[in-house]
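Pasting the structures in now, so scroll down.
There are two complexes below, and they share subunit A, which is joined by subunit B in the first and by subunit C in the second.
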Partner chain A sequence: MSLAWTAIRLGTVLVYLFMFAPIAVVMLLSFNANQFGSFPMEGLSPRWFIALIENDAIVRAFQTSVVLGLLTAIISTTMGVLAALAMVRYDFPGKRLISTALIAPILVPEVVLAVALLLFLRFLDVPRSFFLLLMGHVIFTLPFVVLVVQARLVGIRREYEEAAMSLGANAFETFRRVTLPLMLPAVMAGSLFAFTISFDDITGTLFWKPGGVETVPTQIFAMLRNSISPEINALGTVMVVFTVALPLLGAALARRLAAGMASGSR
Partner chain B sequence: MTASASEAQTFDRRPWLLLSPALVSVLLLLVIPTLFIVVYSFWLRTAVGAEQVGFFLDNWEEVLTDSFYHDILFQTLRIAAISTIICAVVGYIPAYFIAYTPTRHKTLLLLLLMLPFWVSYIIRTMSWINILGVSGAVNSTLMALGIITEPIQMLYNEATVILGLVHFLLPFMILNIYVSLDGIDRSLADAARSLGCTGWQAFREVTLPLSVPGLAAGALLCFVLGAGTYITPMVLGGPRNAMFANLVYEAIVTQLNWPLGSALSLLLLALLGTLVMVYSRFLGIDQIAKSFR
Partner chain C sequence: MTDANQNAVELRDVEKRFAEFVAVRKTDLTVPEGSFVTLLGPSGCGKTTTLRMIAGLLDPTEGDIRIKGKSVTEVPIHKRNLGLVFQNYALFPHKSVFDNVAFGLKYRDVPRDEVKRRVKDALQLVQLPHVEDRRPNQLSGGQQQRIALARAIVIQPDVLLLDEPLSALDANLREEMRVELKRIQRELGIATVFVTHDQSEALAMSDTLVVMNSGWVEQMGPPDLVYNEPASAFVADFLGHSNILPGRVAGEEGGFVKVITDAGATILCHTRDRAGRPEGERVRLVMRAERLLLADRHDPAPGTSLMTARVKTVDYLGQSARYFLTTTGADGDPGAGVELQAINPIDRAPFPEGSEVWIRVRGDDCVLLDGDADA
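Now for the complex of A and B:
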């Protein structure tokens, strides 16, 4: 058994290495001083990051991605939280069907979703535009928000609200001062999820984006057409830092909020 | 149960009010557009590029009878199936380790497992060019060691497409197997062992069968995501490694033949949708939602 366990442990290390080594190489190479940004490394240099900032197309792509991600997060989280509330708090006929409908956008292959939305909105005379891109990202991120928020909401006990009501708070006050603060970590988790998925998406984005507009992933994709340049690795590193640091920061913030609330309620 | 009693008296509008924005969005942005491309797939693209409204079976005839489409469809299913099987075999090991390891490693390993989800698909895919490319890590190491004098062309074939897919899909598989393994009552395997099973027998007869829901959920996710991609073959595959979604992309974005693109994407939807439905009929779609908890 212990020999088998050692083998399992070794296997786990190898699988984790497989998952992370390529990403680590991207980050390592982005600091490469070498002209072609390839092996062998010739010392560390920030030159490729400076090249990024000086590249107007990349800066614009970054701005587009951030604005798109934020708007997606706001819209998708608002709808997702309301829907999750209904799913967790109420019993109603057809709940199973509704539950499937809410996660349908991720049950359908993303390419099909992309084609259907693109062609339907074109039929309605909505051309490829930022609006189409936003709608696509909203519908694609909605199921993730619903699932994440639903999972967190289950943990909030109803007794807190009932206590507030019995102490004389009306429905609105109860929501604002009891339910909403308790839900805040779930809302934050949902919006972070929506932002990151939107920020990273490429499959649908390539169909929906108007000509000349790029997001960071489509910009990387376009640059790959030529060859792998050190600039791509640097852009990849920025993206990894952005999308990995953000959730970690969010988690830390949520923990502080929760701690603050726990001490404040005493 | 209790709801049906109160429902008989008054219809509660509140859940429907809360649900309406999300449901309207799903209806307007997914259901109706999908129905629309069903209609669209029967239209025809004329030589001048405009669409002819009507009921033509030409697109469907082309898609269903042309062996070009059959070959790529078969190739797509094969690539997705191989990737899924590799994910299941390779992913079971860390899932088992995370589920049964003392808590100290567990949190860290689970946190690390979530990280790839936050790293963009395009970066994870293109990262392999740095490893296997002509001036990548493997070639430069081999050349520095004097084993080869000319770089080997390792990229742009079916094997690298599968490699890229496995790398992309593995976290989904590990997470689903882990969720399933974590829910198994530990005393069952212990009981099997106290009744004389070896460790391997206890695993094969008790733990493995009980983890099938997680394996199945992971396999479904991996297969559907793998069979629906066009990015990986475009980045890591050669001209002969196109998958079905590449055809959709070609038809819609490059050739602007939207009726044909509709028919192609509906065929993909029908195939993968059937799979999802068969799965949810037998195992329930809830299993996948469990990994969000």
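Now for the complex of A and C:
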């Protein structure tokens, strides 16, 4: 093993350490029995998790985040699948423009998007509401769903649908029995993206949320302004589990589905 | 509506344009009940477009399409009752073989046990009775294409549409499937439209061969007729290897038209209608490569023409050889310097390169075409 390779290995390890050590520390400290969230640790305890559950504000924020994330995922996925179908399977005037417009929310800085939507609704004299917050989340999660589903749809040959139609299935039946099952992994991946992005978001949410409504990220943000409580470490741990484990689970599910399709096991 | 039951498919004045591009021009086509009609041509000739219009995957710009005597121009594909087979099989990868084959029966109110029976029968017919529970990707290409065929015929379609179904298979399998496909088609007596760019498939399988080129039907007829009596230089060139020589009519001899080629050779040629041609008319001669008979020496015989040539290149093919020849002509014969191709069975050894040979061609094997507009 040459020195260069050793250096590369060492470098890689350091980079990963730099990336993940803070997260590991947060997760570790969330089990600290001590009052203060710092080393040295004085024994393991679930007390901060219990405190978390007993904290009404946090539980409410968590509920809001989950409901918001689920609704965002449902709306974004439905719209995204339809948009992807239109983009890939149909030709219509202005297709390129619409395609760009659909993807644009990823390219525009989120702050700009947040302020723009807020000002626009001010202009229309619409008050901030949960519905507005939801719409905001849909806007910037939609591109992810569209991109993921579109990529998959391009790979599904038109012949499958043509074969189904020639056998007597109308457009809806063809979609239900052929197109949708074939693009299901992408649909699942897209909706998971939408959920986690929505669950994670703070910038847009800070601008759009109506008074009194907090999501988990904004709640943490608010709590940090007062003090650094070990509860935040516990909340961080829950968030990590939620936003990392869930997509991993989804990916594993998609792989199993795909593998089932490939190997023919029922 | 007198012939409502005679023709499975009829195209009347059908034309398809994509913006400026004319894919299919004013085409009439008839597929009689039970017959096997092949659309043959190079890519972009309009054969697939024609098939897709019959299928209902494309709407004709003009004209009328009838299936079993009923106009289907306004009928969407899923109500046309067609069997469609694609080059890439297009079996649903997420469904078992059984569910693939049974797919179309779901839309035909077939009772459950009959579905089972019909799927079984169809799989029996394509000689793959024991694969019901497998997934398409567990089968070989040839097997997948058989399943695709079973899926298309199990619904008892009015017409079977095959879009280059053998092109994705390797050579040996392709010939086997060709025989198999023809057997199944005969057995069911189902009207079939077959699209291919492979001339041997087209010649072997068709009742009627339709040769298409840049949106036109160049020629339509039984395969042997199209092969022996090409109606245009394109057909002559596309089917097999042909020598096409421009020339001028120089009278008649023994029921044949005498033509003097531009290079000066005199060749006897038959006409399809057995009628003569006015002297001096510009014509083109078509001589198939395998109809030029080579020998060390030929004696003159009535109704045949002779030329002499030198072998330029020999392409040894085993049981036959393909010769590239340059005509030499006897002393004072100006018919020299013309490049010809000949394909002859080999007796013992092929004629060596550089050797002098005689070429004989029968007037019956020589086809006369009009003018030389583009030659």
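The definition used in the following text is that the second predicted complex is superposed on the first by the 244 of 266 C-alpha atoms of A that agree within 3 Å, B and C clash if a C-alpha of one lies under 4 Å from a C-alpha of the other, contacts with A are read in each partner's own complex, and residues count from 1 in each chain.
Criterion: contacts are C-beta pairs under 8 Å (C-beta built on N, C-alpha and C of every residue); 3 or more make two chains touch, one makes a residue touch a chain.
Nothing here was measured: the structure is a model prediction, and the numbers come from that model.
In the overlay built on the shared chain, the residue A:Leu132 is in contact with neither subunit B nor subunit C. Applying the stated contact rule after C-alpha superposition, one finds that A:Leu71 touches neither subunit B nor subunit C. In the superposition on chain A, contact of A:Ala116 is made with subunit B only, not with subunit C.
Legend: residue contacts after superposition of the two complexes on their common chain; A:Ile58 is shown touching neither subunit B nor subunit C. Subunit A has more of its residues touched by B than by the other of subunit B and subunit C. Of the two partner chains placed by the overlay, only subunit B lies in contact with A:Met19; subunit C stays clear of it.
Once chain A of one complex is fitted onto chain A of the other, the partner contacts of A:Arg157 are limited to subunit C, with no touch recorded for subunit B. Comparing the two interfaces of subunit A, the one with subunit B and the one with subunit C have no residue in common.
Residues of subunit C that touch subunit A in their complex: 55, 57, 76-84, 86, 88, 90-94, 96, 103-104, 106-108, 133-135, 137-138, 148, 151-152, 155, 161.
Contacts from subunit B toward subunit A in the complex involve residues 2-4, 7, 12, 14-16, 18-19, 21-23, 25-26, 29-34, 36-37, 40, 90-91, 93-94, 96-98, 109, 112, 115-116, 118-124, 126-131, 133, 135-137, 140-141, 144, 167, 170-171, 174, 199-200, 224, 227-231, 235, 245, 248-249, 252-253, 258, 261-262, 265-266, 268-269, 272-273, 276, 280, 285, 289, 292-293. Across the complex, subunit A meets subunit C through its residues 157, 159-160, 162-170, 173-174, 177-178, 181-182, 261-264. Those residues of subunit A lying in contact with subunit B across their complex are 1, 4, 8-9, 11-12, 15-16, 18-23, 25-26, 29, 36, 38-40, 78-80, 82-83, 85-87, 89-93, 98-105, 107-113, 115-123, 135-136, 138-139, 142, 146-148, 150-151, 196, 199-200, 202-203, 206-207, 216-217, 220-221, 224, 228, 232-233, 236, 239-240, 243-244, 247.
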